[in-house]
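Same chain, two partners: subunit A is paired with subunit B first, then with subunit C.
So, the complex of A and B:
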């Protein structure tokens, strides 16, 4: 091997290390947590600039031909550590962009625009970081003691870069494979539902932005130490797209995929295209074709293999601990024997689930006249329309209370206000004697007041078991700190949660589906999964929005029977349902709403006897 | 109503989405210049029936006639050319365009000279639209918006109007006004109007004939006066009061 070839090989290794670190950070944000950070390159740039100005002497000492901030001439490894820290800190203000108010596409566009703005700012304001010319003559790490152009130095640099990449891999894996990582993936699949289960989305997004930002910053620090120069041209917003291409092609959400993608795209693909003879076309033609090719690669992958080369792997936890004599059959027939005779089932199934309603047994509800949930003159306007206009209801412990009314009566709006997913215009929500009107959904969920959704709300790329586990409250592994402390910190919580989930799966006849992705279930199975998941939060009160919609009538009755069993064990349930036959069979009392107000409350028989109720359905 | 006078005639239509039929053999007919309504509780198949009539859902059996022409199974654009004007429940106007532009879009298939003439005719049916021609559709009130949606469809002077819950999201008073004033006006312009409604009482008041759907079948079909007087009609919406005191699960 000639020295030129060796130099080239080492160059590739160092770039591989840098790109692997960056791709791991981006994969964590985009693939795991679903934050489409089109401004990712800013964090790498921030790290690179930080490392540069920490290692450069102040500008007059450096010849005075470039102007920049600071210039502290600090020894290695301080500039790299600073790069990682600043990369993470820069992420903090970005949480306002991807905060809870701005979701999905809008946040992505916001970040893209921010990246462009930063680049323009740095390019055009020279005293800050020397403008478009950028910083040069950045000292390489330890260049006073060793010769940066020597082969030994190059080998060491490559080794350090790869060791740091390995460290980044272990760090990202530790977070992603923890219960906290599961919460991040739940947020990715359906943030509204994750919110309602008690996940603090703002905190979760902040932590992935900071973690990914720190990794990007570190990669920038390593990069600038190697190339000893850094200018706005090196971090145009389009560079983010190259990293996105790497993550998508490697396999979003998979750490090995991120590593592979980093090797394939920014390193492999760009190097390979370098060998295309550039003798044809106008100058720069081949370089521009590279961009076209990367764009095409992304499109081809999204079309034919959206999961990437190494897809996110399925986390098999399984339902093996509880001996299951139920073969892989249709759920309907599985759940059947459990409630062949409802009376017997109720008597016999003293819910094996560890502790179905622990919070309901506390007494604050009793202090509120037996009402677990009460509203005072609750109202919600949508642009002048009174969707709910002054509703005062009480829901008592252990009841399966129904909520009915014609289309547009305000049922779903009321449910949303009770759960905290729709803001209240006026009035109060009193839960277990406490005014919770101002609390966001996740805080109410932590108090035991949890809702389900009318539309499919399973986490599609979590298994049924993971869907259940994602709902466990106060899990020691379900925080960034817990995740970083490792499995030893949270193993016992996890095992306890798995045991509870297995009992629920057995009870609802879905044991054989524990390792099936939520997105691969039938409509009825999704409904059951949703109910099991909400039970994992150990709620005191459930708010169910049409839990039987789109479910075969036979399965609907089995769900109804399960709900009654739960109520017999102390659960309180408020259920919206428009199938009146279900109300007849399972709900007492039934609250009837029309045009935003409560018209009547009683059994279905009571309601039918009241002319104004029947008339409300006819008036519609 | 005799079959030869019907502008719209549907016989024994079955339709659904993939997994099975939602409506099981429904027959309706509407004569020119009259309003027929379809009412029934949630999930009774009203919307599916309308979709089967306008070609969005393909009927598995039965036939649909517009005048003498069999349009069964034709795609929606062919059904529209055959003289069926469909007013959807939502997304019914072009919000960024003005009222006049919306009407002109409705006359997209007409010759340029004809358009202005038709706009005048639509305005004679819905005079209130004439006072707001330059306003953007997105700034209209709910009732005005629905009126514009109907006016836009009226531009082609279809023989049959299919209205999907025109009063959804309207305040009760506005709903009544829309039905008594404007839906009725469509019929008086000579078209056959089939309107699906959640507000049974209000739509009965403007109908010449009403079909009550339940479980995907026509439970009752009669004049509004006779339906309003019928106990069975009431029960089809909210269930019967049990004859015996032992109601299931009423403990």
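So, the complex of A and C:
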């Protein structure tokens, strides 16, 4: 091998290391957490600029031909550490765009705009980072001690870049494979449902932005130390698309996919086109075709293989479960075994194991006249429509309270306001004697007030077992810190959760589906999964939105019987349901709504005897 | 003439170009639910159709009509060939955005591979300087403003007073319900792409005229300004886009006169981001909860 070939090879290795780190960061955001960060390149740019101005001498050096901040001449590895830190910090303001309840594609456009805006600002404001010309003569790491052009130095640089890439790989794997990573994937699949199960979406999105930003910043630092120059032209918004192409082609959400994508697209593809003679076509022709090819690759892969070359792998947890072929029809009662498992699961906590509904401590509810949940003049307007207009209800401990009414009566809106998924226009929600009107959905879920959804809401790319595990409250592995501390920190919690999930799966006859993706289930199985999942949150009160819709009548009756068993154990349930036969059999009392108000409350027999109720249903 | 009036005049011209583009973009989004980021690329590709004719000796205003036709044809093709197949598969909105970014690269750089990387200009006269109501603009600039007013009036007439406009609004509000009511939504969507594509072609050409010179990637930045106008008015609202275009057009040009021209687009982007955070439904849209 000639020395020119050797240098070229080392150059490729260094670029591979840099691009792998960046792609891992992006894959963590886009593939795992579902945050489509079209501004990703800014983080790399921030890291590169930071490393540059930390290692450059004061800007009066070199004849003062460039102007920039800092210029502190700091020794290696401080600039790289600074690059990672600044890359992470720059991510914080972005939270305002993605943390909001903004459509994913709107947020992505917002981030794209931000990327373009930052580039314009840096280009036009010269004193900050030397404007359009950018920074040059950036000192290579330790260039005083070693000769950066020597083969030994190049070898070392490549080795360090690859070691850092390996470190980045282990870091993102540790996060993704933890319960926290599972929560991130749950958020990706359905953020509204994740919120209702107690996930703090803002905190989760912030953490992936910061983690991905720090990795991107580090990649920028390594890059600028190698090429010793950095200018706005190097981080146009289109560079982000190259990284997206890499992640999509490699396999979004798969770490090995991110590595493969980094090697295939930014390194392999761009290098391959280097061998096309530049005399081919007019000036810039090859570069143009290269961009066209990147665009084509993205579109073609999204069409033919959206999961990428190395798809996200399925996490098999439940395969070793108790073999059970219990068909759905044979579901009997939840009371016995479920009760036992709840006791076991909560034994480790401070709460008494015998308490069937752990967080429903008796005293506050008693103080509120026995009502677990109470509303005062609750109202919600959509534009000019009063969907819910001044509703005051009470739901008492241990009851399976029904909520009926014609379409458009405001049932689902009311349920959404109780759970915190729909903001309240006016009025109050009092839960266990506490005003929770201002609490977001995830905080209410953590207090034990949890809802299900009218439409199927399974996490599609989580297995049934993972769907269940994702709902476990106060899991030690379900935080960034817990995830970083590793499996040892959370293994015990995980095992307990898996044991509980297996009991539930057994009871509901879905053990053999434990490793099936949520998206591959039948309609009835999805409803069952949703009910099991909400039970995993150890709720004190359930808000069920048509849990039996689309379920075989026989199975619906069995679900009803199980809900009654849960109530007998002390749980409180408020259930929206259209099927009056179900109401007749299971619900007492029943609240009847029409046109946004409560028409009547009582047993179904009472309600049937009242003319206005019958009329509302017939007319509505 | 005062600095304010001068910048106000330029602001009106920018607003006119922006309004044509923003209304096209927002109607595309309303009816088809695609945030078509390739809109800017189609604009410039259409402007180059007018340029090719212009080079062959055709008047640029006739070229404008050809650009409108090219924009319509290109947009229909883009929708039929790419977006509709993806949507039929149930691709998420975010996938559509990524696809449209991929299409942007393909169209823009494919165009650049053909026409080369240097900027070009139409061969045309700017016409005499005209004074009206304290404004001093060239005849061409007045024509652009007039053209925008005509286009806005036509869009208003279409949406309010024609059966097609009603069907478009119905499709936008709820596509499956519209279909069940007997509206041939597939055809409405195609017609919408044709109409908005024509607007896109017109916008591309007047953008190129107003800019003086243009290249294959010239609309990159302008696309973001279009997005700002669209989001300011409320995504999907044609009247919102008109309002947004006027506000953004005036704000960028007046700030360019009083602060510095380097940052005029930054003003537009800042407005866009503030709107997204505070009121994602836009000025004329409902506040999205």
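To be clear about the criterion, the second predicted complex is superposed on the first by the 578 of 620 C-alpha atoms of A that agree within 3 Å, B and C clash if a C-alpha of one lies under 4 Å from a C-alpha of the other, contacts with A are read in each partner's own complex, and residues count from 1 in each chain.
Here is the rule we go by: a contact is a pair of C-beta atoms (placed from the backbone, for glycine too) under 8 Å apart; a residue touches a chain by one contact, two chains touch by 3 or more.
All values reported here derive from a predicted model rather than from experimental measurement.
Q: Putting subunit B and subunit C onto subunit A via the overlay, clash or fit?
A: Pair status: clash.
Q: I'd like to know which partner A:595 touches here: subunit B for first, subunit C for second, both or neither.
A: In the superposition, A:595 contacts subunit B only.
Q: Identify the partner contact of A:284: answer first if only subunit B is touched, second if only subunit C is, both if each is, neither if none is.
A: Second partner only.
Q: Tell me which touches more residues of subunit A here: subunit C or subunit B.
A: C
Q: Is A:110 contacted by the first partner subunit B, the second partner subunit C, both or neither?
A: In the superposition, A:110 contacts subunit C only.
Q: Of the two partner chains, subunit B (first) and subunit C (second), which one does A:608 touch, if any: first, second, both, or neither?
A: first
Q: Considering only touches as defined above, state whether A:578 meets subunit B (first), subunit C (second), both or neither.
A: In the superposition, A:578 touches subunit B alone.
Q: Scan A:4 for contacts with subunit B and subunit C and give back first, second, both or neither.
A: Neither partner.
Q: Looking at the overlay, what does A:303 touch: subunit B (first), subunit C (second), both, or neither?
A: Touch status of A:303: second partner only.
Q: If both complexes are laid over each other on chain A, which piece of subunit B (27-35, 99-107, 117-125 or 189-197) hits subunit C?
A: None of the options clash except 99-107.
Q: Taking the two structures together, which residues of subunit A meet both subunit B and subunit C?
A: No residue sits in both footprints.
Q: What does subunit A use to touch subunit B in their complex?
A: 385, 406-408, 578-581, 584-588, 595, 603-605, 607-609, 613-615, 617-620
Q: Which residues, counting only subunit A, touch subunit C once they are in their complex?
A: Going by the criterion above, the answer is residues 36, 38, 96-97, 100-110, 112-114, 116-117, 120-121, 124-125, 237-238, 241, 244-245, 248, 281-285, 288-292, 294-299, 302-303, 306, 383, 422-423.
Q: Using the touch rule from the top, collect the residues of subunit B that touch subunit A in their complex.
A: Subunit B reaches subunit A through residues 41-43, 168-169, 171-172, 197-202, 234, 237-242, 247-251.
Q: Quick check: in the complex, which residue numbers of subunit C touch subunit A?
A: Result: residues 35, 37, 82, 85-86, 91-99, 101-106, 108-110, 112-113, 116-117, 220-221, 224, 227-228, 231, 235, 260, 262-263, 265-266, 269-270, 272-273, 276-277, 280, 286, 288-289 of subunit C touch subunit A.
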